[in-house]
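We just call them A, B, C, D and E in the order they show up, numbering each chain from 1.
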Amino acid sequence: MSKIGVFICHCGENINATVDCARVAKTAGELEGVEYSIDYKYMCSDPGQTLIKQAIKEKGLTGVVVGSCSPRMHEPTFRKACQEAGLNPFMCEMANLREHCSWVHDKNEATTQKAIDLVRTLVEKVKLNKPLYSIKVPVTKTALVIGGGIAGIQASLDIANAGHQVILVEKDPSIGGHMSQLSETFPTLDCSQCILTPRMVEVAQHPNIKLLTYAELEKLEGSIGNFKATIRKKAKSIDENLCNGCGTCTTKCPTKKIPSEFNTGLGTRTAIYVPFPQAVPNKPVIDKENCSYYQKGKCKVCEKVCPTGAIRFDQEDELVEIEVGAVVIATGFNIMQPSEFPEYGYGKYKDVITGLQFERLASASGPTLGEIRRPSDGKIPEKIVFVACAGSRDPAKGIPYCSKICCMYTAKHAMLYQHKVHHGKSYIFYMDIRAAGKNYEEFVRRAIVDDEVNYIRGRVSKIYEENGKLIVRGVDTLLNAKPVEIEADMVVLASAAIANPGAEELAQKMHVSYDSYHFFSEAHPKLKPVETNTAGIFLAGACQAPKDIPETVSQASGAASKAIILFSKDELSRDPLIAVVNRSPAPVFSTCVGCFMCASACPYQAIGEELITNRQGKVIKKVAKVNPGLCQGCGTCVAFCRSKSIDIQGYSNEQMCAEVVALLNND
Amino acid sequence: MNELIKKAVALLESDSVQVIIGYAEGTGTRTRAIFITRTADCENLIFDSRCVQNLAVYLTKSEIKKLGKPAIVAPIPVLRSILQLAVENQITENDLVVLGITPQSELVDFESFAAIEAFLSTHQIVIEEKYQETIREIKAMPVTERFAYWVKELEPCFKCYACRAACPLCYCTRCTVDNNQPQWISVASHPLGNLEWHIMRAMHLAGRCTDCEACYNACPMSIPIHLLTKNMLQDVTENFGTYGPSLDKLNTLSSFKPDDKESFIR
Amino acid sequence: MVDKEDLSFKVSQITGVNIRECYQCGKCTAGCPVGERMDLRPSVIMRMLQSEDAALEEEILRSKSIWLCLTCETCYSRCPMELDIPKVFDYLRGKSYSEGKVNSESRDIVSFHKSFLNAVERNGRLHEMSLILDYKIHTWNLFQDVVLAPEMYSKGKLSILPERIKDRKGLARLFKYQFKKRKS
Amino acid sequence: MTEFEPKIIAFVCNWCTYAGADLTGTSRIKYAQNVKIVRFPCTGRIDFMLLLKSFGEGADGIIVSGCHPNDCHYTSGNFHARRRWIMFRGLLDMLGIDVRRIQYSWVSAAEGAKWADIVNSTVNTIRELGPYTEYEKVAGYLEKEAKQ
Amino acid sequence: MKIGFYPGCSLTGSSREYNESLLAIAKGAGVELCEIEDWSCCGATAAHNLNKELSLSLPARNLALAELENMDELVVPCAACFNRLVMTQHELSEKEDLKKQVSDKLQMPLKNNIKIVNVLQFLEEHIVPRLDQLVKSPLTIDVACYYGCLLVRPQKVMKNERFEDPMLMDVIMQKLGANAIDWPFKTECCGAGFSVSKTEIVGELSGKIVRNATDRGAKAIVVACPMCHSNLDMRRPAINTYLNMKMDIPVIYITQAIALAMGLTPRQAGIQRHFVPVNLTVNR
């Protein structure tokens, strides 16, 4: 027989002000199976908890219902108290009398009656509760870091330096990401590559880091502590062990006119290539799409000139399976496509470029060796217009959000331009200047005051070419919205930062959620900014939302520390609220008929097969079996099972039925 | 159907199968299912338009399974059920020999379930116009009248479960109606129990039912329960596209599309 | 007295354009073909509406801008917030006209529109010659375009007699007709 | 005669709507007492049999609510649930069980006000529809039997 | 299929040549256009600016008449009329009560579902597929295709994919053998309804268009709108005054260009009605 204890909390006056707590306790005490019932001012306080513990011991309670705040608030508190008093913690349930009752209703009879109903419902449930025991899962102390930009690099180094293994996967032939493309960085104007390349080398040399470039995540299975990842290593067409990175092949390759991704199309590369001189690893790959041999079956020049015989035309993509305990996603961002700006002529006029292209023009390692020369004819622009918010804060273009980094880099661009072209004139069309950050506002003021950059508050409506000039039609909203027309030599669009193409697909592979712009979603916007909704998968950098380098690095270290915390224990303990397939005596064994429709409904691939054999070892039945390590306890399978052969602990069919019956029968 | 008999004899003689599930003359003008284990009995096999019982129901029955590997006489409704049973992991290709029968009463061999699916793709499930009309009429009733209509229609049900026994897809070891922990539905054959039973039965067939009408044919009270499944079939087509058993499509209710459309969720 | 439900509220209600969504980027003004000539530019008018200041609203109704608008829809097609500014201007023009607040410098534009509708009301179709005569009488702008007419005539572009539609009764009904007014 | 007070049961998921209803409380937004919540891990767990049971046990109305599409804590439980609801609703409608008595909704953890709105509007709808006497009559056989 | 035809007032007066050339090519291509019986003015900008009711009821009257004659689609060559008709159809389709009011007042039924097409859409569907056979003497000049506002905006209703840089007219001109230049003024406003009341504005706006087309080497501007035509052609004195130079680039209707390419005489195409002399024999 059940001996249930009911504990009604006044929560100071929070509950008691509208609910007659004493009467709730009294009425509950009269319910069948309730052994003890009491109300108290603060049930979560020490004396309150003591009250519960004593009652458990003295009355020999078999179950506890606490009528107080939301279980999302104090369920762990009260379950722990029960455990300390020797009662299985899962024999404790909470009736939500505060958030769902006292705070949302006025003081009257119906409110108290509702409180009674809620308590009675949970009493009926708890009678059917069964003792449950936490599930222990071992932890694989290796982290998978996806993306080798500054976020992935930082996270990898932090985890590796804490003594754990890291597998860093990068889709491009080299790590470095967008940061390696930047010229100088705000607000200090230090050279981006100068601060980044030492980190890249450190990654390559770190004994705890295994670097897989030109590789992508194919599949991710499992759950926190025990993921199984399948990585596709795209064929580089070279034997990395033999290649010594001498570069002969890249100089001799006859296909030289391929737009360089690294130089954002402003320079060219060969078909066998190293993306940029400081690349890590500094070994080439063959771009099959553009290689004459792969496309036309003729050439093989690289193979002939290679001194070590490292070229492998027959190499194929390779799938490798790895086991990891945590994943850090650091896949970065992209910038908006040219086709989105018909009124700005981007894609039509060569001298209308993006901010990222300007970075390459301003970079000492770029196609112009750091001189600002316009793409069309190589002339130094005398007048240059920067357009902020090109795509950002523009719901019509599908991007209502602020890209966050453009205000600062546009100020930097104008500044770099003024430093390099002393007699030049620069204009920035902007809507607001968002320079919240250490030394950021000062930086922008310097651009305006010291470097004489003309800031014009207003948006540009159209850019067109007339007589070799780019006519920029904008407005100065601070001068009574006076239309402004500037004849510019070059225009730089601060085009919006957007999620990487394929982000959605990647999110689905990993079962992490993403927002409507395809940036990955953090578990909580304030308190869990680096976690995802999937335990064991963390976020770093601009794949979560646009952010600048310092912020990216901080988040990467945050994500790394989350992984390190996870690795600090040998095993994980999980709530046992998971699905189980029933068992019954022979000859039935289980009522499961093995249709396995639950398996296709399971979001976690947690349902497998179990063969039931007789004494002679002959298979007599094939039934479903839940892998407790994978099951997350959503219960979709339970609702789907026609014969009710699968059930979920803590939310079982019997319990839920009892709740429904109890809730609706109050007379 | 000499050809069918010859084929059956050959199968038994070569011991390729141990039992033939087929149709034979029954009482009066009716036909019945027979289970032939000896070549001599093969001559009892018949096939004509009266053979409407869905034999696939026997494929999952343990009594029949005990007889050994079966060959089954399979007109189109049976073929559909076989395919659905295969999708649901209840039978495998090695478990049986399918003696397919076309609507022109020709015998066809099927090498694989995939071949059955290919064949069935040219014989899609179609809800006859007369049923569509009836469903439209029922749906046109005011909601209370419609409810009263069904309560009345279901009243004669005395929970004999013939519908369940005849349905090839009701192969559960223990039906939920027999589960009393919790007591999901009222066992007695009063209006509530009847209503709940038929709702559950229909829902359990959602996206699975192959419209063979075996349930309706089996019902001693001729309750039009097949209208419920036919209506669901229409709903599936309307909401989720094509319908019918398929080896590589997931079941309607154990799969989803992120952009499934509905108009009633706020 | 400031009526809390005045112009901006009505604009939003009747045109469905939420004035509050304008964040003053100025792209409408920047692309406006007559932006230079306007006394109150589109983005300024949007800002004035946001102010809910009766004096500013009065200024809008008496402005030249609302009549200078060509309804070319460039502003609308490029507005990042997809605000239908031309629709707002439609409403403002209607209000300015019905309240007799048309800017004196814009009366020729209004006169032209009126002459146009007069011409249509008479015949059901526009007779350009009648339109121009009517307009000239109303604006005393007698010598404008005097050089064009003979050449137009000689090129067969002006007919002396108007075309008339048959169902002039039905047409008259349309000209008399006013929609049921929403509660104002 | 006292006014009809609808009996409404709400089936909600733990991660979105239950948390959303918590937020309604923290925001002190008032709503009618008629609706009482049963907590589920996920809308995917909500068995149609429980909805049926609720009518059998005398509910006048039902609310079923969970995470918005794409927001499911378990990534796809709500998508499965949605399909099930579409089919179940079609069947109930065919049988003349008044589908207006079941309100489905997506309420996120941030939509405290929406939860209050869903509750209040559902209570109003059910108030207008009146007690579910047709179903009660059918279910009533049970009680009669019990009494005999 | 019955193709209805709504000429609009301009085509009976100042843009007579547009009408003539359109009917000529339709005839040449064997496409029958049925003029709506007793059509009336669409109300144009005037009604739009001064009288909301008329701005809907006048266009709706013509739509209702077209429906009565069982027309499957309605060709509206005047871009201004086209815009008013489409906008009316759009607004009435969104507001059922308004549609009913208008229909009541018209004392005519209004289904409001006729397919309204502008001249470019008409050409694309009915003439372009036959151009290969129809073109007798290809035009071999550089042209600037000018679309103006009303054919492309508002984007939400017109649903033109390339509303900043439409290409339909360019494609047709290329098929006639001409070279359609790339230029940035395709959809800039010409001054529209201010032709009479604010001629100096037309001079400026149209002037910029004419100047850019000339600068980019076009030998003719091709249009599909009577208002654009009269502003660019008839208002050339005002344009010249604004630009302070004499511009002689001719302005022709797309239908005239097709008529000429089909081998019709310039007179049949109505070329003689233009203010700016047209001479298209200049080879590239």
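Here is the rule we use: a residue touches a chain if its C-beta (ideal position, glycine included) is under 8 Å from a C-beta of that chain, and two chains touch if they have at least 3 such contacts.
Just so it is clear, the structure is predicted and the values come from calculations on it, not from any experiment.
The set of chains in contact with subunit A as well as subunit B comprises D.
In summary, the chains found to touch both subunit B and subunit E are A. Closest to the middle of the protein, by Cα centroid, lies chain A. Averaged Cα coordinates give subunit B a centre that lies 70 Å from the centre of subunit C. Each chain gets one centre point, the mean of its Cα atoms, and the points for subunit B and subunit D are 33 Å apart. Centre-to-centre separation between subunit C and subunit E, using Cα means, comes to 22 Å. The geometric centre of subunit A is 52 Å away from that of subunit C, both derived from CA atoms.
For subunit A, the set of residues touching two or more other chains reads 343, 462, 601, 640, 653, 657. Chain contacts: subunit D has residues 48, 53, 70, 76, 80, 84 touching two or more partner chains. Contacts with at least two other chains are made by residues 163-164 of subunit E.
Judged by the touch criterion defined above, the protein chains form a pattern that is neither an open path, a ring nor a star, and not fully connected either. You'll find the chains touch as A-B, A-C, A-D, A-E, B-D, C-E. The touching residues of subunit C, counted against subunit A in their complex, run 23-32, 35-36, 41-44, 74, 78-82. In the complex of the two chains, the subunit A residues touching subunit B come out as 588, 590-598, 600-601, 622, 640, 642-645, 653-654, 657-658.
Interface residues of subunit E facing subunit C in the complex, by the touch rule stated above, are 9-10, 12-16, 38-41, 43-54, 57-58, 61, 98, 101, 105-107, 149, 152-156, 163-164, 187-189, 191-194, 196-199, 201, 205, 234, 237, 272-275.
Those residues of subunit D that touch subunit A in the complex are listed here as 5, 7, 9, 14, 18-19, 21-26, 28-31, 33, 36-42, 44-48, 50, 53-54, 57-59, 70-77, 80-81, 84, 116.
Residues of subunit E touching subunit A in their complex: 162-165, 182, 184-185, 212, 215.
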